[in-house]
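As written, the chains take the letters A, B, C and D, and residue 1 is the first residue of each chain.
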């Protein structure tokens, strides 16, 4: 048996789910951020696999991935800035302690 | 095909065996009374790990590091675009060069901005 | 490829950079607002010159320049101008950060413009990223604990959702092997599928796309961020979020769903009904929860959820009617236009009032009619328009979109919607009642800057104009929606 | 012959005066100057002249219709909405009524509102009201009518709450607005229903379809009922009657114009306007007749016992509106009995009801202005504080009595003629209803003359009226009102006498489309060849006599009688406990049940099922949230928590919730669930994320099992 498209997809799906679970279950904002990055990279895997298997000649998927990486990097930058900000004002990054606004 | 997996399986087996044996050896030696058993605090202390830690083991990194991380991150991402451009710069020709220059100017503006705002000072 | 089709966006980008650099070297920060408004006006002017020309595409089919995109570009520039005018008092408080503020507004407008123009998954994603990141920064701009909490929530959730959206895009790309919306459409229509269960991957992709953009337009159940973020963000930015990013989200949804997934029937009918259900839930929940709110920004947050519900009636229509019939699209555009003027007006009035009272609690608006008659009157007009009572714009918008719903046979949905707008009358009128019949908390008058009063005047005129002579704008919206049939 | 531009002007003039007064006069001129009043009066008198001209032109027309070119307002996809005027005999009559009464009231207000700080605001809203009322009358499409219909409601809201510093006024305004909106909802539904079935809003087209049977069956019935719901709301008919008495918190001229002569009559007008839709559905017509008759007697009973002069007149308004509805319904039934319904006949059938509307407008406005004039002198509406005013204010007394006689239906005043027609047609169709309204005639005569005697005869019982006024802060002493207030009353009195003569020769019926004319004399006296008028006159006379015996000559002591009929008295004076009924019973029983069940379901099914396995914290948060929600509901439903529930508004807030009736049921119910759902917004970022995730899962499941 050979390693086919579905293996990559299963891998990416698993990573994605792990990331999503972490994003919901972890409390520390930075770890949540990491989990989100994990989700995004799972998508990258899927992209690469699709691109390789469904349109072998083109590089659409890979190009897409490059853009995703860039945007993700910018996202991390903004995210870290915001987290720093909230740490300055609250002395914590535990998301369950950050509920000033509700109801 | 299946044969490849057999190799992998063998490697796996070997690795597990190695770990298990290395764990078992001292236990057996102790069991056979080959090595003595008289623990002292010195022995109990971490072995060959430099000086003992003082204060909390969990150190928080200074916020400033994050600041550098941000600046670095932004400028670093540039490479993602530079590389594919460099690979077929000939094929892209003048327009490619111009576009890349635009990109560089934008990043430079960001750099100047960070500089002027004193993001690079260690205050 | 000719760049002059791209000039409006370029102008904005250049001006954004210019504002940042100016901020570094100029001491009198007041200039910056002027510069950025000038930039917006110029790019709007360029956009106007393109109106009515043949639809074209640039950057090998990544962006379309058609009257649909142009309509939204005009809308966004208009929004941004009003928001900046409204922020002048506000921004003068944050002395050394004004440059960033205006630059970020410009950048987010740029992102929204690209979103409206994008006809291809990659460009859509990049535009989305640009928009939401600059919005995140703006939401957290005050750096006090409320604002930064709002920013954190908005950022983490939108990042989460954008990952989900990406997964959806990946699936669609994987199934069709294309990122061009038009090509995707061709591939899907070529597929021998008759039922939704035939190609789970595709359907899952579509659903995830809906999730991604449902978050942007604040549709239940992707709405939870709205109240908190609206409450925490600086009020001008709340106004901006409530109209700008919602409109942008609808622009992209319309683009994707009426071109890429507009056919075949088995697909379009299903997402049409899906939107119909979401619409019903959103409007009901939004209106019901808005009732007990005590903070007016929060209340308007829930009301914007409800309004998203009304708008989605139009989306359902788009799905159900045949692609040639653009009644739904046109209704959505008109609703967006009128909702924009109305909500901006309401928020600007609130900014003007709470600049003075430093409070967003409804009870502190008590007796405003005597402290600030002009502001209170304008706010009343906007609230009446939000209720959807003639002669304000809201009535025509609701009427248009509901008649579209009826036209596509969604009578049940329209009935729910009408009932909802009856409910909504309560909480809107509550504010009116407090302002007109309440005892003023203090006797001193509330004054506001010329820029604020000017923008408020513009929006009020807009509300009345759209309500009394809707024909003018409806022509534009119909012309714009016709473009959705054109596929690059 | 009148030019169509001039017809447009009828509607536009008040609009202009509204714009001028609100935009230019109000900010610049100080409220003591009377300029705003003059502008408004000029505008309205101009449109009165034009309306008279229109009336004459329409009379001259053979088919009593005027074709006014319409223009397209906006084009939505395949639907084009055209704005146009519908000028037929009905419109012409209503135009005259509205402009005349409005003009009279504006003149009167020059005296009545003089020196009020809100003087300009008052005239601005008054012009806007007149404009939109004229719009309702002249519009030729249901949509347009709805548009102005809402505007009229808005104006009445603003004018009832005119003295907003009085919480009572503010709440009455709110109550009126919301209750009428309930009816409007039915109206809107009917419009949508008609549009989906016929694709048009245009009234003449709808008439055609209804008559030719294109539009028939349940659709027609439901549409008619929906429209009637709107009418019920505006005309304060039986289930939604609760707002009108409270609306008396507004300035008296407002009550005279809006809540007596014009706006409340808009409901009747609407039914008349769409009458061809009604006549083809037996159910609809019957409902109209029954509701009308019931409201007539129902309101009259409450009018018997009120001590507030103005409220008595208000209840009599409700009861008279009931008469008009009955007139319409009964005429419709009669038409159906003859069979063979043509458009002309259907339109003509409305004549009876409209004729009563026409007369009622004048004498009821007169009565209100009289009450206002009395209040102007005594600073109160409480009749126990009055008496013996006949000598002090002879003009008011004379005119008021004329109005009262006309209301009681005494020959040959206007009330007699129209009421007689209604009685006659009811006698032919529905004997049960006939007996009801006959009793009502008795009560009407009794309560209105109770007012007359209590107010004007005997000795003055009030305390020294130098104290601060109820409506006016400047102190007064007993005096006849100024000529500017008396003159309109006199004019209205003359109208109240003669307006009925129009139909003595049957020319009104003929004008409305159908009916044979007779000579004046034969009309004036020949009517007594039937027994009915005799009975009616006798009954009315009996009522007046009773009133005189009790309150005038004091042969019978009111207390004793009140004692004998104590239970009845309590029932009437507590208004049949309607508000309490609406408030408590319905809320407690219905609401509790379903909201509870719903929330339980959410809690168990959705939350547990979904949250299981995932972060426990989330679940507990959510649980607590929902429990709080249910708790809230419990407290809210027995009202212990209402104030806190929206600590939104400090003082007025409590009152805002005491808007009683159906409003409370809905509002409480919705707010309760709102409170509950609100608690699910816990501010926990990750709950939000979780909800998104669950949303995705739910959507996919739905798509697979439903799709």
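Operating definition for what follows: a residue touches a chain if its C-beta (ideal position, glycine included) is under 8 Å from a C-beta of that chain, and two chains touch if they have at least 3 such contacts.
This structure is a prediction, so every number in the text was calculated from the model and none was measured.
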Between A-B and C-D, the pair with more C-beta contacts: C-D
Central chain of the complex, centres being mean CA coordinates: C
Interchain centroid distance [CA atoms averaged], chain C/chain D, Å: 40
Approximate Å spacing (C-alpha centroids) for the pair chain A, chain B: 19
Where chain A and chain D are represented by their mean Cα positions, the distance between them in whole Å: 62
CA centroid of chain A to CA centroid of chain C, Å: 26
Chain A: positions in contact with at least two other chains: 20, 23, 32, 74, 81, 88, 95, 98, 100-102
Per-residue multi-chain contacts in chain B, two or more chains: none
Overlap residues in chain C, where contacts from two or more other chains coincide: 152-153, 156, 160, 164, 227-228
Touching pairs - complete list by chain label: A-B, A-C, A-D, B-C, C-D
Chain D contact footprint on chain C (complex, rising order): 152-153, 156-157, 160-161, 164, 196-197, 203-204, 207-208, 210-211, 215, 220-222, 224-225, 227-228, 270, 273-274, 277, 285, 288-294, 325, 327, 330-331, 361-363, 366, 389-391, 395-396, 400, 402-404, 406-407, 411, 414-415, 418-419, 422-423, 425-426, 429-430, 433-434, 436-439, 469-471, 474, 478
Chain A - residues contacting chain D, complex: 20, 23-25, 32, 95-96, 98-103
Contact footprint of chain C on chain B as seen in their complex: 106, 109, 112-113, 116-117
Contacting residues of chain C [partner chain A, same complex]: 121-122, 125-126, 129, 133, 136-137, 140, 143-146, 148-153, 155-156, 159-160, 162-164, 166-167, 169-171, 173-175, 177-179, 227-228, 231-232
Partner chain B, residues of chain C touching it in the complex: 17, 20-21, 24
